[in-house]
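Pasting the structures in now, so scroll down.
Shared between the two complexes below is chain A, which has chain B as its partner in the first and chain C in the second.
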Partner chain A sequence: MIHALRLLARMYRVQIHSQLQYPLSFIMDLLSSALILGFFFVAFALTLTRFESIGGWTLGEVAFIWGITEFSFGTMDMVFSGFDYDSFGPIIRKGQFDQLLLRPANITLQVLGSRFVIRRLGRMAEGLLIFLFGLSRIQLDWSLLKILYVPLLSISQILFFGSLFIIGATTTFWTMERLEILNIFTYGGAEVMSYPMHIFPRPIRMIFTYLVPSIFLSYFPAVYLLGKPDPLNAPAFVSFLAPVIAMLMLWLALRFWRFGIRNYQSSGS
Partner chain B sequence: MSPFLATIRTSFRRQLTYRAANISGLLTNLMFAFFRASVLIALFNEREAVNGLTVQGAVTYAGLTQTLIGYLSFFHWFDMMQTVYDGQIGADLLRPLNFFTYWLGIDIGRAFGALLIRSLPLFLVFALFYNITLPGSFLQWLAFILSIFFALLISFSWRFMVNLAAFWTPNALGIGRFVFGMSWTFSGFFLPLALFPRWLAQFARLTPFGAGVYIPIEIFLGLITGKELLQGILIQVFWIILLLLLDQWILSRGVRKLVIQGG
Partner chain C sequence: MKSMIHVRDLHKTFRVYRNHKGYLGALRNLFDRKYDLTHAVDGISFDIHPGELVGYIGPNGAGKSTTIKILTGLLVPSAGEVIANGHIPWKERKRYVRDIGAVFGQRTTLWWDLPLTDSLDLLRHIYQIPEDLYQSNFGLFREILALDHFINTPVRALSLGQRMRADLCAAFLHNPSLVFLDEPTIGLDVIAKRRIREFIQYINQERHTTILLTTHDISDIARLCERVMIIDHGRILFNGKLADLLETFGGRRLLNVEFAEEYPSPTLDGADIIYRNGVNIHYSFQRRSVSASALIRRLSENYRIKDLSVEDQPIEDTIREIYENRLLYYDTDDE
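The block that comes next holds the complex of A and B.
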């Protein structure tokens, strides 16, 4: 375990070192992701002020859940980018995965450490700012449980999104190239999770409840944290399922990943 | 057949062969169109119209932007840049047609291919799920078709210019990501510009990005007609001419400087 962590730390160090080689380009990358994604929110905020509320939620309330989701996705995209199916596909196609398999270290660890994208700090900062903006605009009825649940929710989201990336990477063992369709659940899922999810029509909600259980990691916890009425009339305990669902997803994703590796056949090139 | 037309045809066919990628892209864009449409419907919440934009118009807007993504490919294109880095450009510069024209042909073929098997089916399926606004007259259709062709020319000459950065720096990818991101923000791809404060919307549609994405949609939805429509087309023509001239100028300077790598 300690050996594994040391190895991971070492791989990260190399990554960070190489990514800081072009400081100007690094700063531009950092700023661009923060500004562009930030503009998404500003555009939405400007639009919302025209309409006052969306599904009964004010701008501050939407910012609260939008910020948490954004922060978690940014963090995940930094830590789990080794499993980013956009970059993992070419690794499989070019046969580079075979090299990893030959090395005397845990394969999951190697993939995890193979990419650590520090420019995602931009997205994390942007998410944090939106979250703080949200907090400044709402009167929250804080309790100890709520204070503890916010960071736990964020960690759950990180693991949840990470699981989706692992599943995405695993599919490339068979497809050899990235499947754009997975973006529906990763990037699209994160977008849907940024809004009060009861506004979506039933079929979309069903997809994000039963197929990919995103709703347990944003809408239900937010209903509890913000003290909002729930037009979906779900039982109160579903607000607390986020960590359970996240662990379950991670377990499933890792099982699928191992299954994929067992059945992996090199592209041979 | 002229080399230009042959390039278009080859590229068009190549685009059609990526069947799985096209279907996968289509479904993704369609789902995003549903997400955005749902958000807009929730925002309007019983309201009839805002700034001349009706709910139905806003929903159509969500479908149209997602339809145009594959065709315009406005914000993600590093193909030309790649050839500078891997040395393929050496052979491309020797082709029997101008380097810019060659890539223009490639892009027109790609765009028409995407239009046929990705964009059109997407919009048709989207129209099955929602009541949408369609152009009311033959002339309006004609103006729309003209303006999405102009939009492609703007999109291409803009992307070509961004890629030209590779002639000067080994890290044009970072610049590209930055600039493409910035252009995305002013295009109205995310939410209809009509819902923004007036000054911001007016500014955005004067940029090449607004001109490339938003003006065709305004024409389609009938938000601009008559003199305003003509003005919109003129803004597009202005950007095409300006970007084409800039491309030629930067390219001619870049080629003189270029050091071909690899081989």
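The block that comes next holds the complex of A and C.
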């Protein structure tokens, strides 16, 4: 376990080193991604100022929760980008996944370590700024629990979004199958097969991509943190479900991931 | 002697799905899936002993890659038994791969964006190679493989020959007992090929590393391997000494003649014309049935000869004839 973590740290370190080789372009990247994403919030904020509030939420309150989510997503995108389709798709397509299987190290760890995008610091900084802006505009009734819950909420969001990345990466095992099979039988003259890969129907994907995170990983926690009245009249514990849901999601994602790897090994690449 | 690789009655069957066309067809595919079965590996058995360097050849699509993928644990077979270096490859992946090496000529195990040194250093940690072993192996390999002038270059910027040498170095750093080399000389020039062959030979002789070598280039096999296995249509057609194979199926020689003048049809009993261009004619004959001196005597009795030479048929041509003419087929019911 310690060996695994040290290996992961080493894989991150060499990538950070190579990404920082051109510091000027790195800084430009950082600023531009922070600015572009920041504009979304500015545009939203300008619209909101004309209405005072939406659904009883002020600009400061929205900024508070927006900032946390933005920070979490940026962090997730930095750490989990090995599972990003853009990165993992080519690993499967080019057969590089075989190379991971040939090394005596945990596969999940190797994928996690395969890409670490330090540029995402821009998005994290942008999220942090929006969060601080929100804090400055609201009077928050802080308690120790609330202070502890903000980082816990962020970690939950990171794990939840990361789980979605893992699930997305796993589907690649099937979507690529027909192309790879084709390669094997170039000379066998086999027919092209079409694999119906939509393991998750669209409604379910929508639910887990938008509905669950927005309700359990930001709305209810925000209701508690900001002390807002809840028109849905949900019981109080619902505000604390975020870590539970995140862990559940991660567990499901990792099970699906292992199932995908097993399938890959038995079906051929 | 105990086997390094023990394979018995190995099968791998792939399902190749047929699809229905159109939108409705896509829906039908979900429930009603028809498929054909392809027997990529169709019941093969063999043993490889510790320290052997065995060539594994066959035409495209014969089942070579599928076999290698099963032996390296990348693929689970449909049936059969494999014990390699004391492990069942696909069941004990992490323990098994710790003590093997593999080079797939078409791919690299190195990190694309990292300098070669960084890639090798990561591998050192992944394989947990002790520092002194790493240093002595790396020092030796960088010399034999001449890695020095691109050691700090990112892998993506290496030429194919440089990358292959780097990959070979990576595959042997942890002193594996068993190594699979799949097309390690594909697309390389003569000099790079020679360097790689010398390295493979050195490792096999000095370290007694067991090596299974897949290649299209028969000259690799001729230089390196005493034993060769030929696979086609998923079956092992020949498993034995290369010299025996050539003795049985080869033994053809070429008689290349330059005549003093052009003859309309300078036929020669006991030899076939395989090439003709003006006064230059190449004959092919079976060494066992006729001697070169007899042929030359016959020729000089009937024609005026300016120059001639006799040579053995290249091994490549012998092997190609075996593939093309199905010389080794012992049953034909599947054709």
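Following the convention adopted for this analysis, the second predicted complex is superposed on the first by the 227 of 269 C-alpha atoms of A that agree within 3 Å, B and C clash if a C-alpha of one lies under 4 Å from a C-alpha of the other, contacts with A are read in each partner's own complex, and residues count from 1 in each chain.
Quick note on the criterion: a contact is a pair of C-beta atoms (placed from the backbone, for glycine too) under 8 Å apart; a residue touches a chain by one contact, two chains touch by 3 or more.
For clarity, every value in this text was computed on a predicted model and none was experimentally measured.
In the superposition on chain A, A:L7 makes contact with chain C only, while chain B stays out of contact range.
Contacts of A:L132 after superposition on the shared chain: neither chain B nor chain C is touched. By the touch criterion defined above, A:S18 reaches chain C but does not reach chain B. Contacts of A:Q99 after superposition: chain C is touched, whereas chain B is not reached.
By the touch criterion defined above, A:Q265 reaches chain C but does not reach chain B. In the superposition on chain A, A:F40 contacts chain B only, with no contact to chain C. Judged by the touch definition given at the top, the superposed model places A:G55 against chain B, while chain C stays out of reach. 181, 184, 188, 191-192, 195 are the residues of chain A that lie in the contact sets of both chain B and chain C, per the superposition on chain A.
Across the interface of their complex, chain A is touched by residues 21, 24-25, 27-28, 31-32, 34-35, 38-39, 41-45, 47, 50, 171, 174-175, 177-178, 181-182, 184-185, 190-191, 195-197, 200 of chain B.
Listing the residues of chain A that touch chain C in their complex gives 3, 6-7, 10-11, 14-15, 17-18, 94-96, 98-99, 101-106, 178, 181, 184-188, 190-196, 265-269.
Residues 22, 25-26, 28-29, 31-33, 35-36, 39-40, 43-44, 46-48, 50-51, 54-55, 177, 179-181, 183-184, 188, 191-192, 195, 199-201, 204 of chain A are the ones touching chain B in the complex. Across the interface of their complex, chain A is touched by residues 12, 14, 16-19, 26, 29-30, 35-36, 38, 40, 59-61, 65-66, 69, 72-76, 90, 93-95, 97-98, 100, 102, 104, 106-109, 111, 113-115, 118, 121-123, 125-128, 154 of chain C.
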